[in-house]
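Have a look at the structure below before the remarks.
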Amino acid sequence: GSGGSENSGEEGGMNLLEDGKLTYASSGLYKPFSFEEGGDLQGFDVEIGAAIAEEMGLEPNPVTSPWETIIQSLLGNKFDAVIGSMSITKERAERVAFSDPYYYSGGMIFVPEGSDIQGAEDLEGKRIGVVAQSTYDEAAQEYTDDIKYYNSDVVALKDLTVEGRLDAVITADVVGFEAISSGMAIQEVGEPLWVEQPAFAVRPEDEELLAEMDKALDAIIENGTYAEISEKYFGRDLLDVDLEGITILE
Amino acid sequence: MMEFLQTMLEVIKRTAPGFLEATVLTLQVTAVALVLGTLLGLVFALMKISKSKILQTIANIYITIIRGTPLIVQIMFLYFGITAVIILDAFWAGAIALGIHNGAYIAEIFRGAIQSIDKGQREASMALGMTRGQSMKRIIFPQALKRSIPPLGNQFIITLKDSSLVYIISVSELFAVANRDAAQSYQPFETYLVVGLYYLVLVMIFTAILRWYEGRLNVDK
Amino acid sequence: MLKATNLHKSFGKLEVLKGIDLEVQPSEVVVLVGVSGSGKSTLLRCFNFLERINQGSIEIDGQVIDAKKQKLSQVRAEVGMVFQHFNLFPHKTVLENVIEAPIVVKKENKETAIAKGKALLEKVGLADKADVYPSKLSGGQKQRVAIARALAMEPKALLFDEPTSALDPELVGEVLAVMKQLAEEGMTMVVVTHEMKFAREVADRIIMLDEGVIIENTDPKTFFENPSNERTRQFISLVE
Amino acid sequence: MMEFLQTMLEVIKRTAPGFLEATVLTLQVTAVALVLGTLLGLVFALMKISKSKILQTIANIYITIIRGTPLIVQIMFLYFGITAVIILDAFWAGAIALGIHNGAYIAEIFRGAIQSIDKGQREASMALGMTRGQSMKRIIFPQALKRSIPPLGNQFIITLKDSSLVYIISVSELFAVANRDAAQSYQPFETYLVVGLYYLVLVMIFTAILRWYEGRLNVDK
Amino acid sequence: MLKATNLHKSFGKLEVLKGIDLEVQPSEVVVLVGVSGSGKSTLLRCFNFLERINQGSIEIDGQVIDAKKQKLSQVRAEVGMVFQHFNLFPHKTVLENVIEAPIVVKKENKETAIAKGKALLEKVGLADKADVYPSKLSGGQKQRVAIARALAMEPKALLFDEPTSALDPELVGEVLAVMKQLAEEGMTMVVVTHEMKFAREVADRIIMLDEGVIIENTDPKTFFENPSNERTRQFISLVE
């Protein structure tokens, strides 16, 4: 737990929950971005958050929050920022302030192995699983009314392997690939539907904090820390993508 | 205050279509769970009071496990566990998990009611030449059933509220819909207040029906 | 009619009946007395196999009953029992209480059972209460229904376990009157009671139990006027 | 079968560090909820049996609302609603929500126990010249308290299981940690089975302590 | 000592006492009889203000008690009551039962209370049970403790509501003996009982209640041998 001395003098207007600490949240159910293994919270988002905090001279304090309520919790002062693969959308931007994107991610359709679904056009009227309050929810609504909501992408993907429960899951490509490489009997369909831009989210009034975080992001990209973390989890640099000809989700 | 009421009215209006639809699902899950739970409860209650040690043990294990673990764990376990055997969609998985959960509690209600019947009743019927079975069927059980009605009614209300937990396996009942609305609208306070009202009204209706029914039963005799 | 030979009964380590020998002749009325805990109820219940005996034997009508070989429910149907707390079936009307066992146990047809049941209610003076539920009756009325219910099975003998102790004093008389009438009609009866007046007037024999043993077994006159045992004398002085 | 046991053993080993840590949190949430619930329960029980109509009404409203809505809605409402007033971290918000929830049930336990004491006790004490207050404090309440222990114990066990719901406001108790493990290991079936075992063992320990304590109480008198 | 004038008491629409006039002299023993529901308990409870009266007045020691002005708990402390079901405090030992009220109500100091309590237990023959819990006592012993408990408040009068009806017959005597002793010592007593032998031997006066009205108020001899009312005669024939 983290008790609440708000506004501290030292960090000026950064309005941190705890002095000298950057408390940032992810769902913890989004392997390989945020997950818990052996009691430790880890993953790409968690390490990026740590690097950002250190760059800002703060102690990193990663926490988890169920995705459905993560924005409510941010606005309710439960933590300082979301560093949890939250993509920039217009609707979210009305409530929170976003940093620059910190990676690009493809929204991808996954189906059970051997499914007849060949592409997005086959999704018409099918049962699609997504995480509630995710960008994939809106995407799925374009294809079908039969949407099942989950609190974890991984659990949704697992349900794909249960015959008759789901026809497809829409989630981030990397999340699906991670599941496939762990032996789950699912496969991707076609190319990413779009590319989205996950970014750090803070309360709109925390402008100073956001500026500091943007500065820190530039710095870790510059000094190679970012590439190192990305390499560790994905074997490549996530920022290293060709954005030609692909829709960028807003 | 006026402003707050204004907001609340708006939230109620905005959420009504979705919430009412979800209410139907809540009631459906509850109904299936109750029917299944009552059947299971009856079977396990009879097992528990039977003379067979094996049947007693089976019933005890079932009841101990169900009463010893949280419902939400049972739901998750059943949803991911039962799939190895049969295919169930979320609605049925949720309703069945709730039903199995209820079964243990209802079994204890029936057993308690049966054992609460004065043992003079059994003795009197046996002294008249009835067998154990006849005595149970014609003398003990009818009285026990009547005595079970208030705690069963209570259990029904608990089930209605417990049905909120199947949201976790993506059944779009009241709480699931409220969650989505709270996140979308960024009005969690108002949304949860309204969905709480929905449950409260449902519970009060349920309670009123029960009171009326209990009253009728008492007048009958 | 009823005969216990060397009857032993224990609850766990507590030996409640320690070798009872008792024979009840047809049409005899035997009153059983003794202080609380002396084993009176237990003895009665053994006669009706509501308790399993540990040792000894019980004969009904000259036939030894073997709990292992015989269907006890059938044996029980032959000896009726009336309880201190009536034990009427609260979910059935007075008449239904009376006809339940004949229909269920003896498979009597319903019309016959009803006709006989009504006659029995007439006999105990409750013909007008046939369609009432027991909760509406006074204690004395309840006990009279319980007697009618036992009689409906046409038992060879009737056992009474303190049939009037749960009654308000002014209601005791109506129940004793019915019992007296039954005795006069030749019913074989074993009665546990503290009503010494009834014992004196109606009993053919009075038996005193003390700590699981019969310490007095004699006619009423001798029992009250010239008991053989010191404890009997004590008991009489206490209850009279 | 062998293979299954093998897998289970591995899962148990793998999850042990995280689950044991989470067990501590589960017990902490439960303990806070129980202490708070007992205090609230006492206050509201006394209000309910008081002679003041206003106090009675307040207690009735509290109890009706709490018993008429699902715990999970109460948790969400408190966590996202109360933030407008004071800042509570998730642990305290969850524990307090659980405590307030419990308060209503415990109030009914105390009230039931007080009213179950034979009214002859009150009459005897009043006939000796005691005031209502003296009679409650010295005669009725001590007996009621003792009679409350079995249902309170039961309520304690319910609370232990209910504490699983505070996962939703991101308290890292057992169920939250199990969720995370299920999402990371791709082994939901085994994970939920193991976490179920944790709860079962806790409940059985709790139950054993209670039985022992009830036994001791009975010997005492 | 105790005086009721035109006492009326209703429960809802049911009028249970319909204008009772009754005066009890100091040291007098009054036995109250009547069928179940006639209002005996209610009358006793009115004397002790466990029931509020609807009309009429009650005097204690010549002083009219006004429920609105006086602290009833203080008035109650002056008139003791012994109940049918004893109502001992099960969570307290026998001695604690006896000293509870003197300490709490009369603020007696503990040593004094214990000394007096032990003397009272001696008096009812239970000195050796002082540290035992009530659950370990027989019914007769419980009732004797209840009497000691009432005496500990040094009441001006004692009310008994069927003090022996919940007892096994062989235990009735020991309680009646204590009551008889109290009567001989000059305690003012009002006793509801069905023990006609006690009434005959100990009562100064017997009062018969019927449907909320006093229909007999006379000495024992007249009551049994020459009652003025037909219903009294009926009642006597039923209970004797």
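We just call them A, B, C, D and E in the order they show up, numbering each chain from 1.
Everything that follows uses one rule, which is that a residue touches a chain if its C-beta (ideal position, glycine included) is under 8 Å from a C-beta of that chain, and two chains touch if they have at least 3 such contacts.
Computed from a predicted model, the values in this text were never measured in an experiment.
Listed here as common contacts of chain A and chain E: D.
Chains making contact with chain A as well as with chain C: B. By C-beta contact pairs, the most connected chain pair is B-D. Averaging Cα coordinates per chain places chain C and chain D 51 Å apart. Chain centres here are Cα means. That of chain A falls 36 Å from that of chain D. Put simply, the C-alpha centre of chain B and that of chain C have 46 angstrom between them. The set of chain A residues touching two or more other chains comprises 69, 72, 76, 151, 158. Each of the following residues of chain B touches two or more other chains: 80, 179, 182, 188. Residues of chain C in contact with at least two other chains: none. Chain pairs that touch one another: A-B, A-D, B-C, B-D, C-E, D-E.
Contacts from chain B toward chain C in the complex involve residues 118, 120-121, 123-131, 134, 138-139, 142-143, 146, 221. Against chain B, the residues of chain D that register as touching in their complex are 64-65, 67-74, 76-77, 80-81, 84, 157, 161-162, 164-165, 175, 178-179, 182, 188-189, 192-193, 195-196, 199-200, 203-204. In the complex of the two chains, the chain A residues touching chain D come out as 1-4, 6, 25, 28-31, 35-39, 63-66, 69, 72-73, 76-78, 151-152, 154-155, 158, 179, 182-184.
Chain A makes touch with chain B in their complex at residues 68-69, 71-72, 75-76, 91, 95, 129, 132-133, 148-151, 158, 162-165.
For chain B in complex with chain A, the residues that touch the partner chain are 80, 83, 87, 89-90, 168, 170, 172, 176, 179-180, 182-184, 186, 188.
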